[in-house]
Amino acid sequence: MFYREAGQFNTRYAEGRRVFTLRQDRHGLAALLAVAFVVVPWVGNDYWLSAILIPFLVLSLAGLGLNLLTGYAGQLSLGSAAFMAVGAFATYNLEVRVSGLPLLISIALGGLAAALVSALFGLPSLRIKGFYLLVSTLAAQFFVGWALTRFGWFSNDSASGVISAPRLDIFGVNLDAPAGRYLLTLTVVVALFWLGKNLVRSELGRQWMAVRDMDTAAAVIGIPLAKTKLLAFALSGFYLGVAGALWAFAYLGTVEPHGFDLNRSFQILFIIIIGGLGSLLGNFLGAAFIVLFPILLSNLVSLLPSGLIDAGQVENLQKMFFGALIILFLIKEPEGLARLWQRFRERARLWPLRY
Amino acid sequence: MEFFFEVLIGGLLAGVMYALVAIGFVLIYKASGVFNFAQGAMVLFSVLTFVSLLERGVPFWLAFLISLAAMLLIAVAVERVVLRPLVNRSPITLFMATLGLSYVIEGFAQALWGAQVHGLDLGISDEPLELGGMLLSQFDIFAALTAASLVALLSWLFNKTRLGLALRAVADDPLAALAVGIRLQRVWVVVWTVAGFVGLVAGLLWGARLGVQFSLSLVVLKALPVLIIGGFTSISGAIVGGLIIGASEKLAEVYLGPIIGSGIENWFPYGLALLFLLVRPAGLFGERAIERV
Amino acid sequence: MTRTAATQLLELDNISLSFKGVKAITDISFRVAAGEICALIGPNGAGKSSLLNIISGVYQPQEGRIRFDNRERRRMRAHDVAVRGVARTFQNIALFKGMSVLDNVLTGRNLKRRSTWIEQALRLGRAAREDDSQREAAERVIAFLHLQPWRDALVGTLPYGLQKRVELARALAAEPRLLLLDEPMAGMNADEKQQMSRFIVDINRELGTTVLLIEHDIGVVMSISDHVVVLDYGRKIGDGSPEAVRQDPEVISAYLGTRH
């Protein structure tokens, strides 16, 4: 009713390929980006920037990485955190050992390293299908975790295996402040999401989905299975690697192998299940959920009479709720929050009518 | 040379334990068609129940029965709430549901019984026994014997009884089993009880070894390579797979460890399983899936 | 359309196939001329689908030679067969259920793409132009098979008959020399069969595509095909024009049946 769609027609194919075909949607996106880039750094307080927005953005990126592999290409993976770790540690080593390397290049190269490792562990997908493929990415998860702790070289021989991130300098501007880190993260995430949008809508994206839906038929119509699958692993690895580097540098400020354990892999998988497999928006929704839910829950608990539920129990409750939500989503809405959002919008278009 | 055999036998004994855990998974997979990632959490829950009851002075066998009953109750709830609504979905979806389930049960267990480690004393001393010049752990031998007798019992159950026949029928083709009058619900309850029993015994043995704590739920991560090698649907496969993983893990740790580094037992079984998959995608004993175009 | 001295597009010689000791196809040879509609008929289990799978590279025969377009090929994977200009449909619909009709048809054209994934990801020059040309070609196929109203529908939600048509569209989109159709009319009523027959004939006449189809409806086979090959228990028992085959006593006793 407030949202005039009538009168907007696409006259060229290129217009029809846009993500947001309605003028209002495009304006809305532009406004959102303007607010995100210009308003938030000034207005946002440190807590919101550091503890909520940055992890939200980084987890969205990680979600997109896993989504490319699992949601679009249909290859199940439990090794996401391992590839994030590779990206983080590779970026760290490049920054520390190669003087004068621009930060953005280091991050890109870290992503590349993660891409290569991911492609390596993706080789078995050429022979193994479906559920069994889990073994390969689990092997990656455990192997990488072991290798990063075992070989001190990766952590520059620090005693505890934990290293702190070096200064973030881009074009001479220091970005260590929360607003700076936020802008760095935002820029990288927006750029990579634009790239991701192009990828999933390209021929490669269709090939991924074809392999996901029925790979024998895909081979018969000429899609090169090996190349398609390996590219999925590689590109997914790249995104996860960059996300890992950002997680370490822009969010935590330290890099340690433990932060990239199996639980993190599960977390990323949960993001894309809750957010929606095969969806771009879903990554944001899932990540927002994962970041905000614990905060919401503890706030709720603090509203109850004190002593009813002590602090330790909150974590357990969280775990239970999470698991229950996963199951609920899988049963009720397998396409996740993205689909729920879509349905809501369709209802909103017709409002106040019902159908 | 004796040292090699000592390590090997130690590994095989551990492997019997793995096999026991894996058998629980095989049973569930045969009955419900799902790799139940939550199995570890469920076993943990029942073992925790057992230990907590023991600590409160409940006699051994009563505590055992109650824990078994608890496991069964959870199983029934899981089937009703999780598995039934997801009955026709892909194995990946089912797996992810059991993943969520493991979170629920773990959170619940921790909420109920607390996060501290409980010691479990089964009354078996851990003094090493000397056999033919080798030092073997008494406890390991006891565990292996228990596991072996359980496996023998299960084989008898599956192959020589009518109930076993019904179980195999249901595992093969539930619809056909229904058509010949087999009560699916009953069979299902039996399978989950047996799996629960096996799981509880395995959990008790592990718990006595390591202490009852949360890493117990991670035992599921050890079961996956075993199942990959042995196939998801075969008990003998689980045994063979368990032995292979147990032995190779120990040998790798002892002989490769000094060269590559310690702690490789975390990923070594997975690497091995991966190699197996590349050669035999359906596992040693598993069934090949044939895709009709 | 007049048939000139037909060049043989597909030549099969002494093809044999077994699965673990069970012989599915024994010593089959025949020719498909360029530009003709050839029907492969026979009772269930005669090996027709297996033969199609061999031609499209999904199965590899134990014995025999295949020549396509005058080039010999002994072992060839499905991907290479597609590159050579062979497209097919499947007995059990093998569409990509998670994608729209348009996307499915576009996947059929994946071999026509020249731009690399990097160019497409960065939206460089020829990627966008190619997007347009691919879309145009896909639209032509969609229009040819009257699928416009369902262009954006998710394939998994369409009724069976439409899905079969979409599969045909996907095969057509590849602009193949040889089109293999595995029971394109299975499960259709008389009207739908008429419509599908017209489409197949149009594809053959207007686009010049050679068609090799497996079909059970003898009425359809007799009316649209130029050449019929009959299989029974993995062997060829008939090969010739529809009229000749119809009168062949061996074919009659094995498959067609007689009037009582």
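The letters A, B and C name the chains in turn, as written, and every chain counts its residues from 1.
Criterion: a residue touches a chain if its C-beta (ideal position, glycine included) is under 8 Å from a C-beta of that chain, and two chains touch if they have at least 3 such contacts.
Just so we're clear, the structure is a prediction, and the values are computed from it rather than from any experiment.
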When the mean CA coordinate of each chain is compared with the mean CA coordinate of the whole protein, which chain is closest? A
Farthest chain from chain B, comparing Cα centres? C
List the centre-to-centre spacing of chain A and chain C in whole Å, with centres computed as mean CA coordinates. 42
Per the C-alpha centroid definition, the whole-Å distance linking chain A and chain B comes out as 34
Between chain B and chain C, what is the gap in Å from one C-alpha centre to the other? 49
Junction residues of chain B, two or more chains touched: 293
Which positions in chain C touch two or more other chains at once? 58, 90, 94
Residues of chain A that touch two or more other chains: which are they? 216-217
Touching residues of chain A toward chain C in the complex: what are they? 12-14, 17, 195, 198-199, 202-204, 206-207, 209-210, 212-214, 216-225, 231, 278
Give every residue of chain C touching chain A within the complex, in rising order. 56-58, 77-79, 81-83, 87-88, 90, 94-99, 103, 106-108, 110-111, 113, 115, 117, 120-123, 127-128, 131-132, 135-136, 170-171, 174
Per the touch rule above, chain A residues touching chain B in the complex are 76, 124, 127-132, 134-136, 138-139, 142-143, 145-146, 149-151, 216-217, 262, 266, 269-270, 273, 312-313, 315-320, 322-327, 330-331, 334
Touching chain A in the complex: which residues of chain B? 35, 81-82, 85-86, 89, 91-93, 95-97, 99-108, 110-111, 115, 221, 224-225, 228, 260-264, 266-267, 270-271, 273-274, 277-278, 281, 291, 293
